[in-house]
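What follows is a set of notes on a single structure, which appears directly below.
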Amino acid sequence: MLSSSLEAVRLVVAEPPPGADLDTVELPCVFGDAITALRRAIVGTEPDLVVATGQGGSRPDITVERVAINLDDAIGADNAGNQRTDTPIVPDGPTAYFTTLPIKRCVAAIQEAGIPATISHTAGTFLCNHIAYGLAHLIATEFPRLRGGFVHIPFTPAQAAEREKRPSMASATAAEALRVLITAALEDLRDDRLPVEAGAGNGSKSWLSRKIRK
Amino acid sequence: MLSSSLEAVRLVVAEPPPGADLDTVELPCVFGDAITALRRAIVGTEPDLVVATGQGGSRPDITVERVAINLDDAIGADNAGNQRTDTPIVPDGPTAYFTTLPIKRCVAAIQEAGIPATISHTAGTFLCNHIAYGLAHLIATEFPRLRGGFVHIPFTPAQAAEREKRPSMASATAAEALRVLITAALEDLRDDRLPVEAGAGNGSKSWLSRKIRK
Amino acid sequence: MLSSSLEAVRLVVAEPPPGADLDTVELPCVFGDAITALRRAIVGTEPDLVVATGQGGSRPDITVERVAINLDDAIGADNAGNQRTDTPIVPDGPTAYFTTLPIKRCVAAIQEAGIPATISHTAGTFLCNHIAYGLAHLIATEFPRLRGGFVHIPFTPAQAAEREKRPSMASATAAEALRVLITAALEDLRDDRLPVEAGAGNGSKSWLSRKIRK
Amino acid sequence: MLSSSLEAVRLVVAEPPPGADLDTVELPCVFGDAITALRRAIVGTEPDLVVATGQGGSRPDITVERVAINLDDAIGADNAGNQRTDTPIVPDGPTAYFTTLPIKRCVAAIQEAGIPATISHTAGTFLCNHIAYGLAHLIATEFPRLRGGFVHIPFTPAQAAEREKRPSMASATAAEALRVLITAALEDLRDDRLPVEAGAGNGSKSWLSRKIRK
């Protein structure tokens, strides 16, 4: 069964938010490789905005991550069989990064669209946080004009139907939340940059990555 | 904002399950009057199946009620301002009724359609249980060939967006669950009745009631 | 590890509520046998009040059951390996019984003692409901002056420590809740019976049963 | 009603863990002042270990915080009426600190003592995180030999009794968890320091702070 994150991103690709020149990439669910693939995609497409997504199985709503921490600490293995416990993602990297997404504007826009969303202060210590930290570190060290962050998507109804009493969200709803978030983040980016970049075109490039498990 | 139950039923009416001759009625959210209106509708349309629906705000999935108890016990008032505490719905009525819906078949069918659903053993002690008990009592005392039961629908995403960390379900998903449930219940009804009713037409009449708050 | 119900009852036995002549019995966690053992104990000790207890693992508070239904429907087997699906507890018995405990008085007294408690409208469809129904049926058919009901006890902290993010309650707290419940129920019983039974002694006999799994 | 954190700390003070020379201070629930009072107490008593505690109302278990972030972002005001939104705790301070408590050893010890506990990756963005960050910043910048962290305590049963369906923990249980945590942290500190500090006495000084609301 497809992850909820992958299902939602496919619907966004099929019907992107207006005014966004959207590209996507599937990141391997492998420590290290995920960030390498993410960096390669950023270099290749030079986006203004990166929205990484992952599955947040027990969460009832869209959660936009505010913080990513420099820590891999997982009970299970990644898709290549690697186990990481109490390991920094970037040795000598800072303890944490705040997202560069305008999260309050994004969450408010999603709620106004009639979709439940909140800010989250932890993305866990597995691949989701790994990608969130990796993205923030790339922005801080290599791509200072880029903005980006990580969004958790609840289970799909089909995933919840196989479990006991878990909340879920239709992929169409989650996809609409991602569209609204991208639009809000691009607006914020333009609001913020226009004084500096008078004359900039309005065709901002946005970009979604999604973590997948094999 | 419309109740999740009303939204879902409207979508079922707009696109009914195949082979079902569907009628609907909105029941007043008033003790006593709700059951009177339900009885009038049953008399008027002579359905084979009645599926009553209501909003189950904190529930993450479709819940099909198995039991209705002879008790009104509410903190708040109904839409006519009536307050009922520790009051039997039908004086001298039995303590409880089991539903006449084939609930296991219905829940399995909904889950197989990729929508989370479970059996519930309490519909509470407010209007939802009131209608569930009233329907079961009408079946037991006046309409012995009728089958029916009560289904709780989670909040819509828009309702959840106004609250904190509540689970929700898209109305399109809830509506599909109701279609699947009606189809499964009508199939069961035919399976059950065919030996007895050889020659009966296949156009079973089904019927949805929904509780609404003003 | 002892069940939370057994731990709490042992503490009540060690320090019973004042004025209560308390007896206890451990019921086998076996369909049918549990009720037989319960009946034998009632015949042997002639109590005024029976409070049956069981473990309600996912519940955060003391829950006093209001309703017991005539249904065994379990996924797992009982301690004798019996599996029951969609089976009445008492063939031709009523669909349900309301408890004869003064549940609102009991819940209010527990809350006033600073312990979280609520009324519950379902004891499930496994041994807890089986015993609750069996007790109510014995009262209705053989022991009309007896009062009794069923109380669910949350996990102990030690049980929760072995699981993920489950609520728990210290056995000392649960035991105090049972003492307060017994006292409130006996007071109610005296209030109710005194006009009829002028001259009755004040040493009401109360009685706890507890379901145990091997 | 006393906060659960204050109740638990009082019990620890009344019966400290063996071998710990324990001191306590109540921190004002005021942004800035809380950290000032904490610093003053550290200067005055020169502890080896500081365990700050606060109330985590909706949590079912003892949660030991792993991360504190440089952010005050509260809907409500503190006890002096200050409101802080999107404000750094320490301007130019790092985004976050990891705790210097041996959290896995502490959580394992609490669980082995039969009390539910987990690691938490967010202390929120109100006073609890404020104190956790302030403590970590003091350790990083002024008291490099000190260790410390923050622990969230669930509601007491009495607090949960006034709310709906909230988990709780008896103060005696929470106090025992704090004793076990202090003992484990001091052992870890000795294990870690002994090679360096051969001949050090065994009377490590530990120390509890607790946030209180007026």
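Per-chain numbering from 1; labels A, B, C and D assigned in written order.
What we mean here is this: contacts are C-beta pairs under 8 Å (C-beta built on N, C-alpha and C of every residue); 3 or more make two chains touch, one makes a residue touch a chain.
For reference, the UniProt names are A, B, C, D = Pyroglutamyl-peptidase I.
Since the structure is predicted, the reported quantities are computational estimates derived from the model, not experimental observations.
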* Farthest chain from subunit B, comparing Cα centres? -> D
* To do: Could you give the separation in Å between the centres of subunit B and subunit D, each centre being the mean of its C-alpha atoms?
  => 50
* Rounded Å distance between subunit A and subunit B, as computed from the means of their C-alpha atoms -> 39
* For subunit D, jot down the residues that touch at least 2 other chains. => none
* To do: Draw the chains as points, connect those that touch, then say whether the picture is a line, ring, star, complete or other.
  => ring
* Asked: If you go through all the chains, which pairs of them touch?
  -> A-B, A-D, B-C, C-D
* **Footprint of subunit C on subunit B - complex, ascending** => 67, 69, 71, 86, 94-98, 104, 121-122, 124-125
* Asked: What residues on subunit C touch subunit D, complex-wise?
  -> 60-61, 110-111, 114-118, 156-158, 160-170, 172-173
